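What follows is chain A paired twice: with chain B in the first complex and chain C in the second.
And now, the complex of A and B:
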């Protein structure tokens, strides 16, 4: 492998890793508060991609207007899912809410198939993202370079919100103890909604950047990224935002490096994530940055 | 200030509180003593709106608060220091105090200074995560956190539970101190001896019913109370 090819793959790995990271933050935040694996998260990502197609192709809006609408729509969808499918199960066993999440996921996938058909739709070309830039013999799309930057900025925004704002403090309190948080006068439902707002907005940004790299939109496009990003969140230590980003980067990089160094194993690319999951669960179930959970009796 | 009339609460399918009457006058310390499972915690949780009462009335400053949301009850000036302290282990001491003032708009900094005056230990540990505090310090923090809401009535659920005897004395001193500063206190204790000594008035709760009531010092002298809760009854 030449140096140029290596650099190219390195950039790709970082870029795909940061896409995983964007989605993984959503998984980890919702898990942190509700102890719920939000299986519908990947489908919010998928719906966002469709929204972008409609915004730019059907209505002919400029990309930035479209992107803003997509983020708002994804947030609305995320909050709606929470209110409709999770809120009434607040006191139910965790398994019930998990099954509800799987139900919402299937609902969205099949609804999308029904409404938009299973025929792939082309993701609209956002000129400033798909343009190629060359560094010597290495040629990269702007999206590849922009994605990690956007991810890091958004990570800092999320960290700022959770660590420095009043609502963030409430989020951390709610994640530890619902009942005591209520005794402080915290509106639990508002805090949970905020979590879904942040997660869904990041999924929408992820979908826009993803579409610029892989411009084919289908109803099941959220399934595999969704699973992988969940694994990224587990790898980083579920509940930990920085961990989720780290996990995303590691996962993306491992995939790309496997493909470039061992091309004969390209077909196993998707298996990497699951192998990592198994290893993490055996060796360090709390993940890289996860804290030890001790249940007090 | 707080008048409870014929309160009945079902908890986990059993009737935990079976029609009790309690009166907490303004600026007093009232204690509720009784064995495990007598319904003490359930009573406090019903006042705070954490469990739904089956029937009865809970009047706070003349207004029935039964059935209100916990947030509104806290906003009216009632706070609960929960059993087992329940500080937010992942938040710093200062953040725990700030979150106690979640519904407060202003005067938060002044209130923090007041709490630090009351508990100098908390000031020293301001930046430490609450989970790293000792049990006694966590109890101080739980009380300080409740004070941050500038409550008119503060309810404490077993504040001495699991603490060393010396620390327990400190906690009871603080309870008296807070009361002197003008806050009404409703206290639940298994340590009946200590609780009755600080209380103006006491109620004895047995399996969901109030079986005795009276001035703190009177109950302390009562033979039946002595036998059942104080363990100091003379053997004949």
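And now, the complex of A and C:
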């Protein structure tokens, strides 16, 4: 392997890793607050991609206007899902709410199939993102460079919100102890809604960047990224935002490196994600940066 | 409030139970009561990764049904089921057609994997099936009830290898989808043919595999770029193809990229945009070169039916049309709706004038075809390059 090829693969890995990271933040935040694996997260991501197609192709809006609309629409969808499918189950056993999440996920996938058919739609070209630039023999699209930067910036924004603002303090309190936080007068519903707002907005940003790199929009496009980002969140320590980003990068990088160093195993690329998940669950169930939580009795 | 809600939900469930029942009775009553309908099952992927192609094929079948709605003085009813591009769903869908809907014959499916998966059920039920565009040899192999209207992958692989060679390619890289019978089959036939034609074992410089629903091909393509092949052959679904094409071009790979019949789908051009220019694919049919009288009528009629929905007539629609006609023709000659009688009538088909050429069946149940059409993309349109005949 030449140096150039290695650099190209490194860029590929960072790029896919940062996309995973963006989505993983959404998983990890909802889990932190509700102890719920939000299976519908990947489908909010998918719907955002469709919103973008409609904004730019059907209504012919410029990309920045569509992007803003997409983020707002995704946030609305995320909050709506929370209100409709999760809120009424707040005191139900954790299993019920998880099954409800799976139900919402299937509902969104089938709704999209019904409304938009299974025929792939082309994600609109965002000129400034899809332009290719090359350094010697290493060729990258602008999106490849922009994605990690956006991910890191958004990570800091999320960290700022959770650590420095009042609502963030409330979020941390709820995540530590749901019941006590409620007794202390924290508005639980507002905290949960905010979590979904942040998670869905990140999914929307992820969808826009994802679409620019992988422009085939189909109803099931959220399934695999959803699963992998969930794995990334577990890997980093579910509930921990920095961990989710770290997990995303590690996962993306290991996938790409598997292909580049062991080309004969390219067909097993998806397997690596699940192998990582199993190893993490066996060796360090709390993930890389997860804290050990003692269950309250 | 809660009690009210649960009561309401209970009510809905009970009602839905009843509606479910009545509906079922109605349909079964239809099947048993009225004998003036002949049911033909259509088994296609309408969702999932092959949903796009499945819909095109279905449109062709529906159009054929509109043009020839009757056989033996009875109306033909199409019973359409979706196999969701999934092998598990495929067996359920076919079982439903046979057990519940009691169809006399089955048409489909787009995608060889699902057809192979359903093969055994079809064989055991002794219901004849006519594949339209499933090109993997295993669909009909050892299954006397499965027929098909299209050419096979060994032939298609050879055609593409031949074409690559004619264009001066000495080395090739192959990308295929792990676990997909169509993609792996066609990929391997191409590899064999290319090695044989070049006489060089090392002419295939790279073989990479990916998984269903993969979207990132950068790593695979970076490896391929380093090996610098003269051509890339990537048999894949119309959902995956544009992703491979786009990412290859973004990585600065400039060699021609070739695919199989699945690529002749507007979605490929739609999604890949300018990067689709110059891709090469083989297909079954070209509307500008109608082979038979039936083809001429079909092209004019179907163009009007499409009414600009699609820029060209998709080859799979033509094959779907042919598959329907072959089945209808066989029922007519059999004079009965018995599965075995129809099967024998299909096998005895002689010089049938279809849209995609004159059709006879081989021992194995494959249409005896030796002509493929090669197309490319120019200015956002599929453009005819050549008709290839391989003996």
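Following the convention adopted for this analysis, the second predicted complex is superposed on the first by the 296 of 297 C-alpha atoms of A that agree within 3 Å, B and C clash if a C-alpha of one lies under 4 Å from a C-alpha of the other, contacts with A are read in each partner's own complex, and residues count from 1 in each chain.
Convention: a contact is a pair of C-beta atoms (placed from the backbone, for glycine too) under 8 Å apart; a residue touches a chain by one contact, two chains touch by 3 or more.
On a predicted model such as this, the values are computed, not experimentally measured, just so you know.
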Contacts of A:219 with chain B and chain C, given as first, second, both or neither: second
Which of chain B and chain C A:267 touches, first, second, both or neither: second
Which superposed partner A:259 touches (first chain B, second chain C, both, neither): second
Partner with the higher number of touched chain A residues, chain C or chain B: C
Chain B versus chain C as contact partner of A:58, first or second or both or neither: neither
Touched partner set for A:183, first chain B, second chain C, both or neither: first
Complex interface listing, chain A residues touching chain B: 166, 169-170, 172-173, 175-177, 179-187
Residues of chain C touching chain A in the complex: 45-52, 54-55, 85, 178, 206, 208-211, 213-216, 218-220, 222-223, 225-226, 238-240, 242-243, 246-247, 250-252, 267, 270-273
Residues of chain B touching chain A in the complex: 48, 50, 70-71, 74-75, 79-80, 82, 86, 88-91, 95, 98-100, 102-103, 145, 149
Complex contact set, residues of chain A against chain C: 1-2, 5, 8-9, 12-13, 15-16, 113, 117-123, 125, 130, 132, 134, 137, 139-141, 210, 213-216, 218-221, 223-225, 255-256, 259-260, 263, 266-267, 269-270
